[in-house]
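Each in structure tokens, the structures are laid out below.
In what follows, chain A forms one complex with chain B and a second complex with chain C.
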Partner chain A sequence: MTTLEKNPTPTESDLLPLTGPRLPTYAPALVAVAALALGGVLWLVLGSSVALSAFVAAVVFVVALPSWSRAVEGSRSAVDRLVAALVWVALLFAFVPLVSLLWTLLDKGLPALSPEFFTFSMRSVFGDAQGGIYHALVGTVLITLAATLISVPIGIFTAIYLVEYGAGNRVAKTITFLVDVMTGIPSIVAGLFAYALFVLFFGPGVRMGFGGAVALSILMIPVVVRSTEEMLKLVPDELREAAYALGVPKWRTITKVVLPTSMSGIVTGVTLAIARVIGETAPLLIIAGKTDSVNFNLFDERMATLPVFIYYSYTQPGIPAAPGYERAWGAALVLIAIVMILNVLARLIGKAFAPKTGR
Partner chain B sequence: MAKSIDVSDLDIYYGDFLAVQGVNMTIRARAVTAFIGPSGCGKSTFLRSLNRMHEVIPGARVEGKVLVDGQSLYEPGVDPVAVRRQIGMVFQRPNPFPTMSIYDNVLAGNRLNSKKLKKSAADDIVEKSLKGANLWNEVKDRLGKPGMGLSGGQQQRLCIARAIAVEPQVLLMDEPCSALDPISTAAIEDLIHDLKSQYTIVIVTHNMQQAARVSDDTGFFNLKGAGQPGHLVEFNPTEKVFANPDNDSTEAYISGRFG
Partner chain C sequence: MSSTDTAKPRPPKGEPPVKRRSPERPGDKIFKGLSFGAAMIILVALAGVAIFLTVEGIPGLGASGGAVAGEANFLVYAGRLVYGTLLAAVIALIVATPLSIGMALVISHYAPRRLATPLGYMIDLLAAVPSVVYGLWGILFFGRFMGDIYVWLEANLGFIPLFSGPAATGGRTILTAGLVLALMVIPIITAICREIFAQTPTLHQEAALALGATRWEMIRYAVFPYAKSGMVSATMLGLGRALGETMAVAMVLSASGTGVMTLNLITTQNPNTIAANIARSFPEATGLSVNVLIASGLVLFLITFAVNFAARAIVARSGKRLNA
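Showing the complex of A and B:
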């Protein structure tokens, strides 16, 4: 639309101000340094505790930056700065336990690590004699592997049923509900279930590594089902239809199109599920038991595992206690390292399987 | 090898909802048949019922008869997988398989149907199909690259190559150009012209110029109101539909007075 009237020349008040006063880019860093300096003074000069000093520094940062911003930039920017400051402080506080845990583990666990630590068992180790975690390492690897072999097929097939065949019918809804309930099962209950199950077959007092694997797979299956289900749901229906339209039967569509497309996510989910159960202690304490010897047979006798080994090394370190404690920290470090390696592995495998879009 | 399709009294349901009602038509072999009509009138639903893709959606079913060269598609003993091997389909949005290379995408229909192929035979099929889909010159040097790396128009032609690689009798196209630019659209329309000599082609389109350009017969679908089932208003040779339609609503739709 055009108007015949001539546009009036814009006056000062008509112009929208597009620039305003801004804090310098280094302002947050400056305030942070000042707040930390204040905390440092409290801690070093006035002698208050580290926690209180850190808390005061955080509060000063969260209050000072928005106040300064309000004075210079106005209220909208001040709110923005306030939220940003809160997020940063929360992030730092979340980091504290993580870094502290890793630091403590490395500090106390590294001295324990030696070639003998990985190759000796605890059989006939008394006093200062060199002992190791070989038996627990073997047990953890075997039991976790067996648990994975049990839960991955069950979990993936369940997820395939839920997504590809069930598609919201009553059976599928019931299974989804039960899987959700299973996710919340306390691990000790899984251990008691496995124990009760094996008592039925082998009589009371039964101990075997395979029982531990069954208990762990009860904890693992719901995780695998859930993650696989989500991944399968992400596969667009268009790909399934494309395969159907080429005259591909449903089962081949699932194995050749749906599963490869979602493989990276499924592998990641499975690896994270393994990482989740590898540190379980309670069920293994009940059904796999504790031993000082190496046992390669999943189906006979007690089997040591890393978490159980850590538990016993710390609660019954022997006399003198120092080597027992050291072994516990060393085993804990190894366990964390395994979990970390699994996580890295999951990412690498996920990347290797991911659909490529390169030109 | 191309086949004709006879449809009589076809009702198509989603659960209890009647989506398309009482369609009767004969689709000629070695010709292009276009369906036009407003959104939601059941063109795509009807198209999907021609190769039993409709029933992929839970609760969807069909009443009535679809005869392909005299063989009924909806007899109890008919295997939908076998039907779809004979009647291929190209979708609105290009959907190459993301895990496969260009080469494997073209061969997907053959490979996934577990046919054992010699390398030379496979190469022949890939080259022939990509040439048929007018894509060979653009991709012949990068057959091993992922199909997802192609542009939208190239992906759609890749999907057409994939569909014709299994040598179907009939090719159904559900708005194959709606996501494409005019140049890619022109390439696909040329392709439809070329394919006409060997295949029976049915195409759903929102673009009436496209229907006029590529098709021999045109069917106009409409629905009486929201929630009402769609129905076939008119089915005639394309020249007649666009020059002198039998039905007033067809003329109104084509001249842009509604829809």
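Showing the complex of A and C:
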């Protein structure tokens, strides 16, 4: 109280400020532009490589912004800005390879594409004669189709058991847990399993497309189970109860009410699962093998597939090597296009056939 | 409940009790049997993987000489491969974990919502690229790019044993393989972390902000403690994927046989990984070599199974379930 009386009219400097000093809102953008400009100077004027210039620009940004902040705002804000700068730079770091990969694919893969590339096989292709991926496309489609035919019924029925019948009992919990663990089985192990299984029936050195389908199913089933399970859980219990109240048996309720309601989600999940296994190489390398000819029979002889074709076009490009590499890039572009189309398709299906929620 | 029980009319003695539930229809029985059978097939398949690999792998355990790439016995052979597998996976995780957590934070907390959704799609895109395409890119583009960096590393940081060289100018080293693996693991870790971060109770976060915490302090004291178990499991699931990843390593890594056990990351003499060794050797393998390769596959299966099991168990204990 005495101090108040001593100093009845405080000057402005005695008041505690309610806000701390802050950097202007454009500060991060300003520092980013300055850092990029520095990188640009390094690249264009001093002639260092693009990667090094970008790296220097990133470091300058991460150092300069917190330092400025520390001088103006204090240490806590400086740490805050440092972390923010770091996470954004981390994001850029991860996307640079993605952009580089897609760019390289387009750059080197597009010249390989031609009508012949899709309609020729590699039978009797030597040197730089025109070869194609027809045999590999046939194999990929057949094997993936077979894997889907195996996985989808097993996956959907398992999900039905987990959600509709098991509903939290011990067996269902164990299966749920094991399905989760099964998603982590390395693809090469699935291939070895298919080989070990088929060796028992067909003897050592067995190679057949159907074995590849079995191996892919091991990888695909858990994905289908997981996505279907999530979708079935989303179906409101009121719908089931309404059906029961009308005297509909449980299995009819599931096939006529629960499954149609969740159909779009299930189809989306299956499409994503196909997209996931269609690019698998290791199991097919082991059990489906490699051939230069077209093979339509899943149960006999080796069968070429797109991913394995890419692998061998790189490891055994032939002489001269350039056409082999070009075919590898072209096939990789086709493969990634298929995967992307499946992904987009899955999203479109999910949107187009989503149950109408309007009441 | 007890009142309704007592109110229930008791059936007279000598007659069978009145069934409250309608009798199970044959359709129901068949359908239930089908779905239970499908669930059992999954258990059988999982057990089958272990059993068939064991059956076909056991003859390989006693192998020596050429079948185990000139090593003394199977244990040495597997041990050397496990070393390479772990080394590549550890490099991948050291790079991928901080980057993934950073990316997950951007999507869940830093980026405006309009930007966050497309960023999420981009990460899904990263996950959708097949591993053989990563391999092709890794060897024909990324490896050559890294080759220059290895030369520089050897010249300037050669006193560190990790970079003592001689540098592989083609870039087909264990470090390149680890970095490509990191790229493949990032989407997995990011997807899980981002989901867990987004689940953090809003009240905790707002309370932290209301106490005057900066955004980073809020993340550190409200988000991270909540998401700790999820982050650990995400990293372990990434580890499981990195351990078992085959094609990218098989294409990028230059190593023969069981490779060289070294910590030198930038030479042409590299350790080999289990999966890459199988992929490279299996197509030409015959006789006992096949059994040895299958036995090494069994080792890989057991390691990844244990890692995945632990990761899932950690999350299950904290009462969450991961959508990946």
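Assume the second predicted complex is superposed on the first by the 275 of 359 C-alpha atoms of A that agree within 3 Å, B and C clash if a C-alpha of one lies under 4 Å from a C-alpha of the other, contacts with A are read in each partner's own complex, and residues count from 1 in each chain.
By definition in this document, a contact is a pair of C-beta atoms (placed from the backbone, for glycine too) under 8 Å apart; a residue touches a chain by one contact, two chains touch by 3 or more.
Every value quoted in this text rests on a predicted model; they were computed, and no experiment measured them.
S.K.: In the superposed model, does chain B or chain C contact more residues of chain A?
M.R.: Residues of chain A touched, chain B against chain C: more for C.
S.K.: With both complexes overlaid on chain A, does A:177 touch chain B (first), chain C (second), both or neither?
M.R.: Second partner only, chain C.
S.K.: Is A:149 contacted by the first partner chain B, the second partner chain C, both or neither?
M.R.: Once the two structures are laid over each other on A, A:149 reaches no partner at all.
S.K.: Look at A:234 in the shared chain and tell me whether it touches chain B only, chain C only, both, or neither; answer first, second, both or neither.
M.R.: Neither partner.
S.K.: If we overlay the two complexes on their shared chain A, which of chain B and chain C does A:260 touch? Say first, second, both or neither.
M.R.: first
S.K.: Per the contact definition in the header, classify A:59: touching chain B only (first), chain C only (second), both, or neither.
M.R.: The answer is neither, since A:59 touches no partner chain.
S.K.: Once chain A of both complexes is superposed, is A:105 in touch with chain B (first), chain C (second), both, or neither?
M.R.: A:105 sits against chain C, while chain B stays out of touch.
S.K.: Classify the contacts of A:344 with the two partner chains as first (chain B alone), second (chain C alone), both, or neither.
M.R.: neither
S.K.: Could you tell me if A:96 is touching chain B, chain C, both of them or neither one (first, second, both, neither)?
M.R.: So A:96 meets neither chain B nor chain C here.
S.K.: When the two structures are overlaid on chain A, which partner does A:71 contact: first (chain B), second (chain C), both, or neither?
M.R.: Neither partner.
S.K.: Determine where on chain A the residues touched by chain B overlap those touched by chain C, and list them.
M.R.: 249, 252
S.K.: Give every residue of chain C touching chain A within the complex, in rising order.
M.R.: Contact set of chain C toward chain A: 25, 27-28, 30-32, 34-39, 41-43, 45-46, 48-49, 52-53, 55-57, 98-100, 102-103, 105-106, 110, 119, 122, 124-126, 128-137, 139-142, 145, 183, 186, 214-217, 219, 237, 240-241, 243-247, 250-251, 275, 278-279, 282-283, 286-287, 290, 293-294, 297, 300-301, 304-305, 307-309, 311-312, 316, 321-324.
S.K.: Per the contact definition, I'd like the list of chain B residues that touch chain A in the complex.
M.R.: Touch residues, chain B against chain A: 51, 53, 56, 58, 81-86, 88-89, 91, 93, 95-99, 108-109, 111-114, 145-146, 148-149, 159, 162-163, 166.
S.K.: Would you tell me which residues of chain A are touching chain B in their complex?
M.R.: Of all residues in chain A, those touching chain B are 167-168, 236, 238-249, 252-253, 256-257, 260-261, 263, 355-359.
S.K.: Okay, in this complex, where on chain A does chain C touch?
M.R.: Touch residues, chain A against chain C: 51, 76-77, 79-80, 83-84, 86-91, 93-95, 97-98, 100-101, 104-105, 108, 153-158, 160-162, 164-166, 171-172, 175, 177-190, 192-193, 195-197, 199-200, 204-205, 218, 221-222, 225-226, 230, 249-252, 254-255, 275-276, 278-282, 285-286, 289-290, 307, 310-311, 314-315, 325, 328-329, 332, 335-336, 339-340, 343.
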